[in-house]
Each structure stands twice: as structure tokens, then as C-alpha cells.
Amino acid sequence: MFVDQLINGIVLGSIYALMAIGYTMVWNVLRFINFAHGEVYMGGAFVSLYLLLLDTPIWLAYIGGVCAGALLGYLMEKMVYMRMRSAPKLNLLIAAIGISIVLQNLAQYIWGATPERLTSPFLSKNIAIGDMMINQHYIFIIILTIVVMIALELFINRTLMGKAVQAASQNINATQLMGINANKIISITFAIGSAVGALAGILVGPVFLVYPTMGVFAGLKGFTASVMGGMGNIPGAMIAGLLLGIIESFAAGFISSGYRDAVAMVILLFILLVRPQGIFGKVIQQKV
Amino acid sequence: MGQFKHRGFLKIGLILAVAALFFLPLGISNPYVMYIINLILIYVLLSLGLDLIVGYTGQVSIGHGAFFGIGAYVAAILGKNLGFSLWINLPLSIAVTALIGFAIGFIGLKLIEEYLVMATLAFGTIIWLVFLNWTDLTGGPMGISGIPAPPTIKLGSFEFPFIQYHDYYPLLLIFVLLGILITRLIIHSGFGRACTAIREDELAAQAMGIPVFKTKVMMFTISAAFCGAAGALYAHFLHVVSPETFAFGMSVTILTMVMIGGQGSIAGSIIGASILTVSSEVLRETPELRMLIYGLLIVIMIMFFPKGIMGLFKISKKRLLQRNIQAKKAAVEKEGLSYEQ
Amino acid sequence: MANSTKLIGKKMVMFMVLAILLVGCSATNTSSGNGSSASEGGDTIKVGLQAPMTGDNAQYGQDMKNGVELAFKKINSDGGINGKKLKLIVGDDKATPSEAVAVVNKMIMNNGVKAIIGGYNSSPTLAAQEVSGPAKVLHLNMGASPELSKQNNKYLFRVILTGSVYVPAVMRYMSEEKKVKKIAALFENTDYGITMYDAAKESTKELGVEFITAEKYNPGDKNFSAQLSKIKTLNADAVMVVGLYNEVALIEQQARQAGLNVQFFSPDDSMYSKQLITLGGDAVENHIFASMIDLNADTEEMNEFKKLAKENNIPAQANTAIAYDAAMALAKALTEGGGEAEKARDALANIQYNGITGPIKFDKNGDRSNTPMIMQVQKGDFVVIKESE
Amino acid sequence: MNSEHVNDSAILTVTDLSRTFGGVKAVNNLSFSVSENNIHAIIGPNGAGKSTLFNLITGVITPNQGKIQLVNQDITSLRPDKIAEQGVSRTFQNIRLFPDMTVFETVLIGTYLLTGGKLLPAVFRTKHFRNKERQAKERIEEILKFVGLWGMRHEYAAKLSYGNQRRVEIARALATNPRLLLLDEPTAGMNQKETKELMQLFSEVNKQGITILIIAHDMHLVNTLSNQITVINFGEKLVEGPPEIIQSHPAVIEAYMGRAEVNA
């Protein structure tokens, strides 16, 4: 049972880590919680599902879903958030929640509310490791998550665009002064964060199904992970996501499965009160 | 002197208008419309409560749906299991909600801005999960139904039973008016002004001797108590409570009412609650599109009226006030008098 | 200054437009239904459907809606109810008690419906019948919970079988034919799941089987790994799942992934849907359950229903058929009632009607007395393995 | 402790006060005292730790070590509102008004200590409560007339001229009925006329028996207004004394005067 829960935890944690990246990247450039990120996760999965129905090859369908997620994030930014730059953060928050209501119900309107299973080439195969059986799709999730993390790390640190995104997270206004188009950076940030979020949704689709409200709790967990890792800290978010998944699985297995979702919330509270800069964050001096 | 007379008229007008409100049911034959009006009244109470902490004190909570739920569940549990009436349950609901509100405020209000938002979200979700999972007490996902109606009120030979929605209206109206009155009394006092000062500039407020944390916690507690009262009324009005009503969506709905109506404004709370309740009910005609349109409405409103509907009037009122002063100044200077009133 | 005034003016105009839109909507709304006191003035009789149209359970609501619409279409083309056409008002109860109360309120008071078909889930139905009962509105529901028999509501009828009929049937089959002794229960934490489990537990003594654990989950849960790994350690002979197809499919799939390979069964036909097989695939093969309907039955009624469904391009699901039956029975009662609520109720209480789901007649609790058959998922289809007695 | 700090008429006594920020000693072992009814000036170059000192006295930040006494009471590490309650009020270097309030409303906030923040009397409008409210409003009328803003009381404070905004801030501070008023560079950014008028106001405030501790750059202001000056640099006290002595002190000239001229 221990190993079972550990594997479940790592798989869940990979998903949370991928989700957390989206929250953290958006926080970096705009300092607000994009509550509609969970719907990007759902949207990506649905588009993949739809492409599969059209007999698209499975890899193309997955890539299509990721691209659709990126587009969704980009459009969200361009159509709503960009027009609210001067509005208080609270307004952005409400707008984000409004968008998430719209997207959830739009998905239901288009595709219906029935949960559907996304195909995975690996799902029906188990691998025996010792006397443990591990589903191949789980291994696929873990490997892909690691690949994405490395790729993202390389992008941020090795490419010019990545460095610009990083600079923007320090000070978006300064970026503008340096001659980098801030709006362009914000758009790119949304697109990348959303692409990763959509990927999370696609990976989860074969296991926990695809349905309009799938993003709600995934979003909350991803967001919790991003706070755990320290808002704005990308590697921190990844590790925190993994940690959250494992803690949650053990709590559900050994304490109570009904309160599974409460675990993340308790951790969130604990972090906020005891270490608001996150597990991996640095203390920032506030100037009076 | 003329101004005084003007004020007197206003006061009489206001009293007449409020009195007229009580006779509103006479003009409404459709009980469903009455039901919606009653629902609006409950939401007004919720918005007033949330506005106290969000609008007047500047501390944002997206967990107030949980306080609404605590009030409702306390009334439901006591009403269903012990047969207590609304008159006992209401004060108990308020007390329990205030107590929990105080505890949460005490822990959470050390945080600021987005971090407070996150913490209230976490608290709200945890409380909702308790509603959902503490099956022995709360009925779990099934909720509690069969909550008794308030007992018949007897005034001499007159009897006011609670059977139809028309019967609930005066009761709910009284509580809403009471809520408005208390809100007004609070905001026009040292305490209320302290809250506004905290909203505007915490550091400056503290330098004026305002105990910032204590004031915030107090206001948070009152705000929770308002929602608790609304919850108890809701439970005895609808006779059923179930957890999903008090999930994150409810917290968002109340906050949206406050934002769309206009923060820090009693009229705003009333307008916000009315718009969202009516649109949500009207949209029941198209169940498949209901939430889609509702969501769009929220996004559009928040994009185009960032200060809420009362914000529009506030701007024009401000301008009016200033224009008035300017005109007076000019007049006074013309007459060569010193400008003093 | 002028610029900002213009801006405010613009916003005011927008606000006005929005307001007019809303008021316009509400005006059409109130004119379409004119209070409960007004009798159906025109030539229509309104019937409400209380079912989950959005959220995780929306598929059930959609199936029910299809069935009722199919029946209404047929009835209306055959001349309606004493010359009046039936009109369906759809109300979304989101499978939750408070929404059910809200929407039933609206349908009765604003739309003036004479009868309600639904809901699908037990808890919302239990809450909603407290509104429809006093209003003397016929309420034909599809909830399985035995609680629904105890409500003392003369207007409440149940068109499916009650849990106290389903459960012993399947338990006896599992004990006698499959020789299971130790059963693990995994059920939805709602009126439906809890009462079904209680009924199952009651039947264990005479059958000589026992429940070794009772695990719960909340409706809408998607991750059952914690419950399943607990069950796995207990070496149960079989697992009884009380839930809807979404959950049953996921549970069995996750059980296979966790290496829990035992017989799964369910006490009733809530998961009887092609969706179960689409979602569950190989994992749901051999799943056993008690059912009141067999879509492969070669009866006159079934064939007619399937023909109608095909003509109207509607998938012939179990819930579609049951809702269709409910609508047909209701139409018969309304015809006999001749516009009077009391008479229609009495007509329904004494109805004798042969539907797709077998003979429909109600006992004094408003329950049907048919007995279920036992079915099994075999090669991606639902096969009767034991006929009803 | 040096004997020079013992001051019988002191309203404020700071002893061995230190505070570091990330290794930088913003205030280092600072001791001085402010005599009752004085106008005491603190001067020093930018970054000398003057504002940090004010924040320490008013409790906005807590010291790493040292002691702050108000008359005989230890106010070290008390919360800012508790210190305000003891009769210490302040203005801020960057004017901090309440953006959404009129002049009258802004100053009304200052009467919090008079009216109190009790809830039940407010809800029941007790006689006591109404009396206090009336008193508060009378007091504001008095203060606003005193600072010359009565005619502008209905205007939004943030929309006023810079000089008048400063007056609002001072009026708000006065409304708390302070014994000690801390002014953090009150004339920075003012034109000469405004500066002169404000200086006039300060001495009138002082005549009402309120001790003033003022941070200033403007040497002219310091010399004409104050009767005691403390010069600090790098968080440490350089010299202290009446204006005549400070003006000619070589260390001051070296550390401060040259730069002040550049600044001015």
C-alpha cells in the first residue's frame, strides 16, 4: 500500500507541478492569480479528445491540444487581462473567475458534460518492477514531466526570450525601459504557461477522464503548489508540486479520502502563515 | 434653514418609501417573483456583510460563502434535530459564525492583499469540505432537508403564519433594513472611520492611534456574523441546505455582487445582489446556456465598470460636489466676502 | 473632463443596454408562464423535468430529456391529452438538493407545471418533493433510495424499482451463484449510496455473507486509489460498487491498474449505459448488476421505442426508456384526470399500463412492485444472466 | 550611559538605539533626548538614518537594541497605535493622505483616540457616543480653522496643492491631540512661500504646548525654527546643541553642510 500510494503521489505530483508552472509564470509578470488556468488544462484535454475523434494520429492530437492551450491562454490575456492593466488586482481576479465560468460552460455546451476517456497508447499495459505493477502511462507522465521541466529550465536560462521573461519577472516596467515590449513578454508567458497546463490536462485525460469541471481542483492544487514553491519561483513550483502530490496521496490513503482535497488547503494555509515566501523562496524586505 | 427643511422632507420621504416597501407583496401575485425577491433580500444581507470587510476595510475575502454556510447549517441542524425555532437559531447562528469568523480573521488577517485572498480561499474550501464530509452532522452531500418554517407570529388577535413566500417577505425585509441600519451606524462611527482609514492607508491609520489588526479582526467578525444571519434565514426560508450551495462559487457570487454594485456602498450591495440574483434566475429558462451567459455577464461588467455601478454615480457626485464648491467660491469672491460657511 | 464625461456616458449607455436585456429576458419569462393559480389557459399542459442538465451528472439528465421528449412527441401527434398538447419545461437541478428545490419552485410557481418527471438522484428528489407535495404536483422520480417510500407524499411516485427490491436480488445471486462470502463495499456518500449499502447489509445475515469494509466516496470524485488499495489488502471475494457509470467505470479501471482483480457488482442499474463500456473498456467486463430493463428484450414495446428513438436520432439508453415510460404513464393519468389534480393523482395511483420496463402499477407508497433481473457486462454488451422472477 | 543624556525636562529620551537592515547599520547606538516644549531638529545627509529613527520612535519598525522613553514610560517596541495613544503623532516624508477622503474626513480620522473605536455605543448611539462625536467635529473645526483649511474642508485632500496637503497631514496629526509631533521633512518640495507659511504654522503649534521633533534639510528653517539640533551621520550621533553651536561646528560642516548646499 505504501508503494502504491507513493507512485500515485508522484504521478499526481507531476500534474500539479505542471499546473503550478502556469500560475507562477503569470504571477511573475502580472502579480495576480490567474484563476482561469484550470480551464486551460481542461481546454487542452478537450481539444485533444476532439482531434482524436477526427481520427488524428495520437501524437498530433496531443500536440494540437497543447497548442490549443497556448492559444487559449494567449487569447485570455489579449482579450481580457490586457484591457485591465490599470484596474485593481481584485478586478482581475474576478474577471479570471468569470472567464473560468465561461470556459467551463462553453466546453459543456460544445462537448457535453459526459466524462470521456482520452486515449493513451500506454494505458492498457502494466510494467512489472519486482512484484510491483506500474501502469505504463504513469511512467509516461513522469518522464514527460521531467522532460518539460528540463526544457523549460533551458528556455529560461539559455535563450534570449527566456531571459527577457526572467527580467520581466523582476520588474515589468524596467523591462519596458530596456526596449523589450512588455506586452509581448506577457503574451509569451501566458502562452508557455498555458501550453504546460494544457499538457497536464492531456496527460491526466486517460486516467481521470476529461470533463468540463476537471480543471477546478487541479487548478487549486497547482496554485497551492506554486505558493508552496514560492510565488514566482519556477523550479520551486515544480518540486512543491511533486511534494504536494505525494503528501496528498498518503493523507488520502492513511487518514481519510474524503478530506483529500482539504490536505492541499491546509498546506496552503500553513505555508501562507508560516512561510509566505514559500519553501524555496527568499525573504524580501518590505520598505516602509 | 432651507437646507434643514430639505433634509426633513428627505427623511419623511425615506420613511414613507420604507413603509411602502412592506406593502410590495400586495402588488405581486406570482409567488415565484416573491421567491426571487426574498432571495434577493438574503443576498443583500450577504453583500452588505462582505462589503463591510471588502469595501469599507479593504480586506478581500473569497471565503465568505463558508460563513453563509455555517449560519445555514447551524440553523438547519438545530432546527431539524432539536426542533429549535428560527428565533433561537438565528442568534445562535450569528454567535457561532462570529466566533469562527473571529478565529479565521485572527489567523488570516495577519496576511495582506493576495495572500489574504489565498488564505480565505483555503479556509472557505476547508469549511466546505467539512460540510461535505461530516456526514453524521451535516448529512454530507445530501444536506439537510425538512428544516421547519418559523413559528407563527401572534400579535394580539393577528396571526402571521409562514406558509407562502409572501409571508417571509416582511421578516426578511426587517432583517435587511436592520442590516442596512447597523451598517450605516457602524460606518459613521469612530470604528467605521478607522476601517476606512485602514483601507486607504494602513500605516497612516496606525499612526493615528488606530489598532489596525484588532479593527480588521473586529470588522471581519461582524462581516461573518452578517453572513451567518443570512444563512440562518436562508435555511428556514428554503427548508433545505446542501454543501454545494456554500462552495467556492458562492463566495465568488457574493464578492461579484459587491464588486458589480460598487464597493463601499450600501446601494451598491443592493444593486449588485439584485442584478446577479435576477439574471441567474432569469437564465434558468435556458439551462444549457445559463452559467455561460452568467459568466460572460461577470467578465463584461468587471471589465467595463471597474468601480461597479455605484462607481459611476460616485464619480458624478464627486464632480457635482466640487462644482458646487467652485460656484460658491466664485459667488463669495464676487461679493467680496471671506469664504467661510 | 469632456473626454471622461463622454466615457461615463458610454458606460451608462452600456449599463442601460445590459439592464434592458435583462428586463427583456425576465419579461418574456413571466409572460410565458403565468403563476400557479392560472389554469393552463391555452391548449397546452406543462410538465416539468427536474434533472441534472449540467455538471457531472448531465448525461443522465440528457437521456431523460430525450426519453420524455420522445414520448411527448408521440402523445402530441396522437392528439395530446384530451386535445391539449404537452409541453416540456426543463429544469436543471445540478444533482444537488438546494438547486432542485429552487428549480422545482420555479417550475411550479412560475411555469405552472402540472407534473414533474425526475429527478434522477435521490437526495435532490427527497428535497424537491417537499415543495411539489404541498403544491399537489405529480412527481414521478427515478431515485433508488428506499427513503423515497417513506415520505408520506401522495403525489410522489417512483418509476424505477426501489433499492429494497434491487439489493436482495443481486445479493442472493452473488451469494448463491458466485459463492462470495467476503464483500467489500464502495459507495457514493449520498442518500442513494448509503441506503443501498444499508439494505445490502440487512440482507447479509440470511445469506451468510459479510461486508468486510465500507468505503465511501463523494459524487464527482475521480481518484479512488486510496479506497482501492485499502480494499486490496483485505482480500475480498467481491466488491460491491454503488454509484453511477462515471464512477463505476473509473473505479474498475483503477482497480485493474492497482492489481485488484475480483468480481465487481452493483445493486442496481444506475450504471446501465453504453457510456460505462466506452469509459471502462475491458475493465468493466463481467460486472454484474440488478436491472429493471433489458434493452435487448424482443418485446413489442421495446421494439417500438427503439424504432422511435432511431427515427428521432436519439440514443436508446436505459434511462431514456425509463423516462419515456414515465411520460407515457403520466400522459395516461392526465388524460383520465381530465385537468383535475386530485383525479389525475388517483388515476396514476391505480394505473395499469404495460410499458417498456414491464407492467407499471404503483403500491400505496408509490413504488412499483416488479422484480429485477440480473445482468452482466459481456463482450461490451449487457446480457441477462438471470430472468426476473 | 553618559551623564549628558540625563535631562529632567525630557519628553522623549532615546538611549543606545540600534537597528540594522541586512548588515547595514541604519541607526547605530544612538542616544539623545528632546526637551519639553522645544522644537528639536534632526539633521544629517541622505541615508543618515533619520527616517529610520522616526520609524523606530513611532513603532513602525522595532529596534535591535536600545530603549525609547516617553517621559517616564518605556515605549520601545510598542505598536504604532499604542505609541500614538501615548501622545506621539507624526507626518510622513512622502505625504500619506487617504486618497478617497475629503479634507474633513481625513482629519476626522485623527480623532480616533478621542471618539474611540467601540462598537456597541456606535450601534446604540449612546449619549456618550454622540457627545464624543460632537466634540470631535468641533475640534476639527477648530483645527481646520487653525491651519487655514476650513474653507476647503469638502475638497478631496489628494487634489489639493502640495503645501495644503501637508497642512492636512499636520491637521490630522494634531487631531490626535499629541504631546510630541514628529515632522519628517515637512517642507521638502515646497516653494519658498509655502515653506515660510509652514514655518509660521510650526511655531504656532509649538506655542500651544506641543513639542516638535523635526527632520529637515533646509538649514535656514532649522536655524530659525529650532532651539536644539541633533546631527546624525551613518546612524550615529555627530554633535548636538543649539543652532549657534551647530552652525559653526567643523564636523557638521564637513559631513553635512557642503552636501546640503548641493541639495538645496
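Chains here go by letter, A, B, C and D, matching the order in which they are written, and residues are numbered from 1 within each.
Please note the rule applied: a contact is a pair of C-beta atoms (placed from the backbone, for glycine too) under 8 Å apart; a residue touches a chain by one contact, two chains touch by 3 or more.
The structure displayed is predicted, hence computed values, not measured ones.
**Student:** Which chains sit in contact with both members of the pair chain A and chain D?
**Tutor:** Where chain A and chain D share a partner, that partner set is B.
**Student:** In terms of C-beta pairs in contact, which of B-C and A-C ranks higher?
**Tutor:** B-C
**Student:** Using CA atoms only, can you tell me which chain is the most central one in this structure?
**Tutor:** Answer by centroid distance: B.
**Student:** Farthest chain from chain A, going by mean C-alpha coordinates, please.
**Tutor:** D
**Student:** Between chain A and chain C, what distance separates the C-alpha centroids? Give it in angstrom.
**Tutor:** Between these chains, centre-to-centre, one finds 35 Å.
**Student:** Give, as an integer number of Å, the spacing between the C-alpha centres of chain D and chain B.
**Tutor:** Using C-alpha averages as centres, the distance is 40 Å.
**Student:** How many angstrom lie between the CA centroids of chain C and chain D, rounded to a whole number?
**Tutor:** Using C-alpha averages as centres, the distance is 73 Å.
**Student:** List, in ascending order, every residue of chain D touching at least 2 other chains.
**Tutor:** Touching at least two other chains: 60.
**Student:** Give me the residue numbers in chain B that touch at least two other chains, ranges are fine.
**Tutor:** 132-133, 203, 288, 290-291, in rising order.
**Student:** Pull out every residue in chain C that's touching 2 or more other chains.
**Tutor:** In chain C, the residues touching two or more other chains are 54, 189, 216, 218.
**Student:** Touching residues of chain C toward chain A in the complex: what are they?
**Tutor:** Checking each residue of chain C against chain A gives 54-59, 62, 189, 215-218, 220-227, 229-230, 232-233, 246, 250, 257-259, 275, 278-279, 281-282.
**Student:** Which of the residues in chain B end up touching chain A in this complex?
**Tutor:** 60, 62, 107-108, 110-111, 113-115, 117-119, 121-123, 125-126, 129-130, 132-133, 203, 248, 252, 255-256, 259, 288-292, 294-296, 298-299, 302-303, 306
**Student:** Report the residues of chain B in contact with chain C in the complex, numbered from low to high.
**Tutor:** Per the stated touch rule, the residues are 29-33, 35, 132-133, 135, 140-143, 145-146, 238-242, 244-245, 275, 278-279, 281-285, 287-288, 290-291, 297, 300-301, 304-305, 309, 312, 315-316.
**Student:** Applying the document's contact rule, which stretches of chain D touch chain B when the two form their complex?
**Tutor:** Residue positions touching the partner: 58, 60, 79-82, 84-85, 89-90, 92, 96-101, 105, 108-113, 115-119, 121-123, 125, 129, 132-133, 136, 150-151, 154-156, 172-173, 175-176.
**Student:** What part of chain C is in contact with chain B in the complex they form?
**Tutor:** Its residues touching chain B are 8, 11-12, 14-15, 18, 22, 25-26, 28-30, 32, 34-37, 53-54, 90-92, 94, 96-99, 101-103, 105-106, 109-110, 122-123, 126-127, 130, 188-191, 194, 216, 218-219.
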